[in-house]
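Both complexes below contain subunit A, partnered by subunit B and then by subunit C.
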Partner chain A sequence: MSGIFASMIDGLLIGAVYGLAAMGLSLIWGVMDVINLTHGATIALGMFGMYILFSAFPVNAYLLLIPIIAAGLLLGLLIYWISVHWVIDRPQLASLLSTFAVNMMIIGIGTAIWSTSPYNVNFTLPGITVGAYTFTGNHMAAAGAAVVIALALELFLYRTRMGKAIRAVADNREAAELMGISSTMVLALAFAIGISLAASSGALVSTLFPFTILSGASYQMKSFVVTVLAGLGRPFGALVAGVLLGLLEGAVTPFIAVSWIPLIEFGLFVVVLVLFPRGIFGRATA
Partner chain B sequence: MKRLVLTIFVLATLFVTAGSAENLTIGFTVSKTGALNVDSLEQYRGFELWRDQVNAAGGIKAGGKNYKIQFVNYDDESNTKRVQQLYSRMILQDNADFLFSPYSSSLTATAAIVTEQYGKIMLTTGAAEGKTYTLGNHNLFQMFAPATEYFKGVLDALKTKDPKATVAFVYEDAAFSVAVVTPAKAYAQQLGLNVVFTEAYAPNTTDFSALIDKVISSKATVLLGGGHYADGSTLARQLYGHKVPLKMISLLVAPDSPQWGELGDAAIGVIVPSQWEPQTAFKAQYGPSGADFAKAYTAKYNAPPSYESAGGYASGLILQRAIEQAGGTDTAKVAAALNATDITTFYGRTKFSTAGNDHGLQIGHAMVLAQWQKDKSGLVKQVVWPVAAKSANLVYPIH
Partner chain C sequence: MILRHPVLYIILAFAVIMVWLPLHGNNVSLREDLILVAIAVILASNLNLMIGYTGYVNFGHIVFYGLGGYIGLYLAAEKDWNLVLASLIAGVGVSLFALVLGLGILRLRGAYFALATIGILVAVQSFVANFDPWGRSTGLYVSFGAYEKLGGARHALWVTYFLVIGVMALSMILSLGIKISKFGLGLFAIREDEDAAVVLGVNATVYKAIIYSVSAFLPAVAGALMFYKNGMIDPSIAFEFMLSLEGIVMLMLGGKGTVIGAALGGGLYEKLRSYLLTSPKLSNFHLVIAGGLLLVVVLFAPGGLIGWLYRLVPRSRKVLE
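Now for the complex of A and B:
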């Protein structure tokens, strides 16, 4: 196997986790028109959630995603009531600032509890070796879990009544309310799902790399790139865009220094914003 | 009346003969949080053990006075901006008499600007980069052997064991590791070793997959590099996870920490260039023996000392000796005593350059190589180079 294929497979595997992280941001942004700046902090909380649970129950780490998803939903409802509900009808800057404030609170509390020292989840699954290259079991399991969660969300949004309500509110909030949909409940649920997705992506990342309470920031930045690539309110598109971003990283790294990758990512961000302002998978009309 | 006069006489005599007790304040920052936390904490423990032992023995005795040591220290968060603020604060507000460096070359370079600006003596430890000493500083004294020395021993050993080895340098893009790798790469080529891959990674990198794929593609058989604990331990873990077929791995700093053993099988075989190991038996002309230091350290912290800990303790010893020789804490006299220092402690020889172009650079200290090996008791760190100082044979290849 040549180096570029190995690098692309590695990129594809981590790209699925980027995609899952971005799905939460994309859902909230698309449905509520809120740029959720607690996104990075909740990714970090997902990492520490996995660390705490795995320390207490050293079973297969990926089984612990279930309580983390549930805890993420509750945390999302809490953050919604603290920082979003009261400002949802005000200009976008208000929710931007209020979520930023909550972000700083989470990071402050997290730093007090865990400091900014790195932590690890010491769980390893056997990998697959092809020629000289080995693909770790954790990367494959994390990518698989990300795809399963993304498919579950897609099924929820397109196959359930509540999912339909979320899409209706995203399309036209006033019309949905006239049809008897409680927009407050739907918005709270959409926010909770978004936070839960962020937390679960953080939990997956924690099985791959060491992390600190500040680690969410870099995944938040990647989430912005992926969300813009996919187009707002296209959660499954975010997963696909995440995978594409990972593949791109994998394809270019054999030819350039790894430290140049952020430049390429954000260059792509600007290009997509200029050429495809609604994203690659965005709709032609609002 | 007679009794009162007698009492006053006895008290006055005691006061004069016992020497007056004064406090000596030493300032430094510790990376209690952030990426440098592990190594910095070990350095701090070295400072702390030295202070406690000196104070328990009555303090530093110089010029008829006993100086009790007190520390003023803050968390620099592994951040150069904090270092700049905090070293100014320790000098201006906390009135520190002397300073120890923070941990790492990057933070120390920043602290040195402040301490030189205020004409304060700073003993640097945990900071091997040599460039700082070429900037015309007068009050900066380096305890670590300079960065240029780090990979010399590894490359000499490699040349002996496998002159046809292919070498990859994968290192943190930070002052210290760049200062180590740049001369090491030239030295490898000078030895006739084939350097097939070189790439730096950003500090705080956690995903090494892409770099590891490149190392495999380069067909390197030896990997040298790393930076500090956080990135070095992650790199080793991922090299092991990806089953990279390397015959030798040598990483900077991280494998010296006792915590390295927690990596399990990923730790085995990894070599660290070390400023000091408990097995290195120097005959101390001043201060405790290596065995006594290691015993006291282990008793206090329930962990063996790393070379960062030894460097911290030795910094205290060298400052203590300079104050004793200077007969007090006058900066110019203590600086003169440090300039004249040429002494062997448990840590090895210490001598500072007094040349104009690299004043304060460490020119007396020599390094060893330590390798993590598995024996009956589990994972242990053995001195494997130079051959004259070895406690076990170098394991090569590791896979």
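Now for the complex of A and C:
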């Protein structure tokens, strides 16, 4: 019985990282109605960013999050300019395909550099032992970092002028422009923050599990699941839904083969999409 | 009606050339190249029915091809059925599956539908990888003796080639037939403005489910033929996400919403890909080039090659549909 309990605690901690990744997807989706298909590739870049930085500066890996967040913002601006800026007023199909094209390019370049063999970040924090189970320090630190970043985003969105501008553009872009908000700048910033969140979640994952350049895809899928669970444009809801998904994974892993998990997750994803198109925590009106 | 459209004769001529080229001089390596071109044209043409005609992006189109392959191989190799019958059953079975699935997920609009299709691909793949009768993750094999019914392995390769070319021609004729029908007009209306289409009396739910199901039929038949010819199938080659996505690149490159564009994009992209994959310098970068190509088309030429041709020679619009 305590085995499930331990597995659920692990799931809960990893779930916070899923939630952080999903916040990035959800922010971009909510603010500019763009489904960012570079999400998975950015998560993978975050993993390799951490790997490179940690190889060069073997300090506490969680300190290295700061340069990764900064690099993520710059990368986000670049991706915004390449793939989203030109199609922002075209039908959704266009941005879906253009971000997907960038995704292919990132994966292609990544495969050429790192092949598809697994890498890992060799950094361990001491864990806490309770009875027969040890909760690893990395899991707790990653979850802690995810929650701190999520809270910082929430403060930024609700307490600063720029954050309010982002929410205004999300609600009604034309009206926000009439109030003197430069929507291009706001969109670029929101996209950059979204990418930065994805990259930092990738960096956190890299301290927990081995990864390849293709690993981002499965976290991208999880982000979609979490985002539709939470409903669009609700970054903090995404964190909660991420923790729920982690808990669910933790609760089922002791009982079934790991290879069934994608089926369960995406079954859930499709059912939620069809039954609750605005998310379980979503508002009644879009 | 359909006989009055010049494109029909272009399609037939194309199929005849595809048959004649490798037969002339018994060129086996050319045949293997062309069968991949034909598969690309089949996938792009049927994907066009969803993306080009109806405006719904299906990221998981390859599910139909892979499932068709599994059903076909299972019936033809394990149960010893006739290949053509097994392929047709695979097509019908996968179409019914798509119809039921479509009635559920096509309640989703636009991007939500696109995301659900990714979920379906992953879910089907993980189901098949755990499904005992289909050999779980090791997949199914065709024993060499099974080809005897088609007159030995060498002969069987030619038979499957001709069948695949037939499916290719049917895919294009189907695209043309739907495009000039009232049903096709309803799909275009859904693509342009679904709410307006519903107000004007298009039963969008039924139309979308039907086209989703129709777009599953020929890829499933082609999958059954192709995997039978290859002699094996497993979950990772049957449901290759990359191939599903490359189908979208092909379609955008040629020009979505047009019969010729889908085929042109499929054929050209397949040639480009096999060139890139065999070139030692560029094989690592084939994804980068494909991605760059897609980006350029989406940003600068949303009509693809055919759209560009339409603008260059406006009269071509009347001939090339």
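Here, the second predicted complex is superposed on the first by the 285 of 286 C-alpha atoms of A that agree within 3 Å, B and C clash if a C-alpha of one lies under 4 Å from a C-alpha of the other, contacts with A are read in each partner's own complex, and residues count from 1 in each chain.
Operating definition for what follows: contacts are C-beta pairs under 8 Å (C-beta built on N, C-alpha and C of every residue); 3 or more make two chains touch, one makes a residue touch a chain.
Since the model is a prediction, treat every value here as computed from it, not as a measurement.
A.B. asks: Overlaying on subunit A: subunit B and subunit C, fit or clash?
C.D. replies: Here the two partners, once superposed via subunit A, fit next to each other without clashing.
A.B. asks: What is the contact status of A:Gln92 with respect to subunit B (first) and subunit C (second): first, second, both, or neither?
C.D. replies: It touches subunit C, and subunit B stays clear.
A.B. asks: In the superposed arrangement, does A:Thr136 touch subunit B (first), subunit C (second), both or neither?
C.D. replies: first
A.B. asks: If you stack the two complexes on chain A, which partner ends up touching A:Phe209: first (subunit B), second (subunit C), both, or neither?
C.D. replies: First partner only, subunit B.
A.B. asks: Looking at the overlay, does A:Leu263 come into contact with subunit B only (first), subunit C only (second), both, or neither?
C.D. replies: The second partner, subunit C, only.
A.B. asks: With the two complexes superposed on chain A, say which partner A:Ile35 touches: subunit B (first), subunit C (second), both, or neither.
C.D. replies: The answer is second: A:Ile35 touches subunit C but not subunit B.
A.B. asks: Figure out whether A:Gly250 sits in contact with subunit B (first) or subunit C (second), or with both, or with neither.
C.D. replies: First partner only.
A.B. asks: Touching A:Gly108 in the superposition: subunit B (first), subunit C (second), both, neither?
C.D. replies: Only subunit C; A:Gly108 stays clear of subunit B.
A.B. asks: Contact-wise, after the overlay, does A:Ser7 reach subunit B, subunit C, both or neither (first, second, both, neither)?
C.D. replies: Only subunit B; A:Ser7 stays clear of subunit C.
A.B. asks: So, A:Phe224: does it touch subunit B (first), subunit C (second), both, or neither?
C.D. replies: Once the two structures are laid over each other on A, A:Phe224 reaches subunit C alone.
A.B. asks: To be precise, I mean the smallest distance between any C-alpha of subunit B and any C-alpha of subunit C in the superposed model; what is it in Å?
C.D. replies: It is 6 Å, taken between the nearest C-alpha atoms.
A.B. asks: On subunit A, what residues does subunit B touch that subunit C touches as well?
C.D. replies: 111, 257, 259, 261.
A.B. asks: Considering only the defined contacts, which subunit B positions touch subunit A in the complex?
C.D. replies: On the subunit B side, the touching residues are 32-35, 37-38, 77-78, 173, 199-202, 205-207, 209-211, 213-214, 216-217, 230, 233-234, 237, 241-245.
A.B. asks: Under the stated contact criterion, what part of subunit C meets subunit A in this complex?
C.D. replies: 51, 55, 57, 104-105, 107-108, 110-112, 114-116, 118-120, 122-123, 125-127, 129-130, 137, 241, 245, 248, 252, 284-295, 298-299, 302
A.B. asks: Touching residues of subunit A toward subunit C in the complex: what are they?
C.D. replies: Touch list, subunit A to subunit C: 35, 82-83, 86-87, 90-94, 96-98, 100-105, 107-109, 111-112, 217, 221, 224-225, 228, 257, 259-263, 266-267, 269-270, 273-274, 277.
A.B. asks: What residues on subunit A touch subunit B, complex-wise?
C.D. replies: Contact set of subunit A toward subunit B: 2-3, 6-7, 10-11, 14, 111, 115-118, 120, 124, 127, 129, 132-134, 136, 138-139, 208-211, 215, 249-250, 253-254, 257-259, 261.
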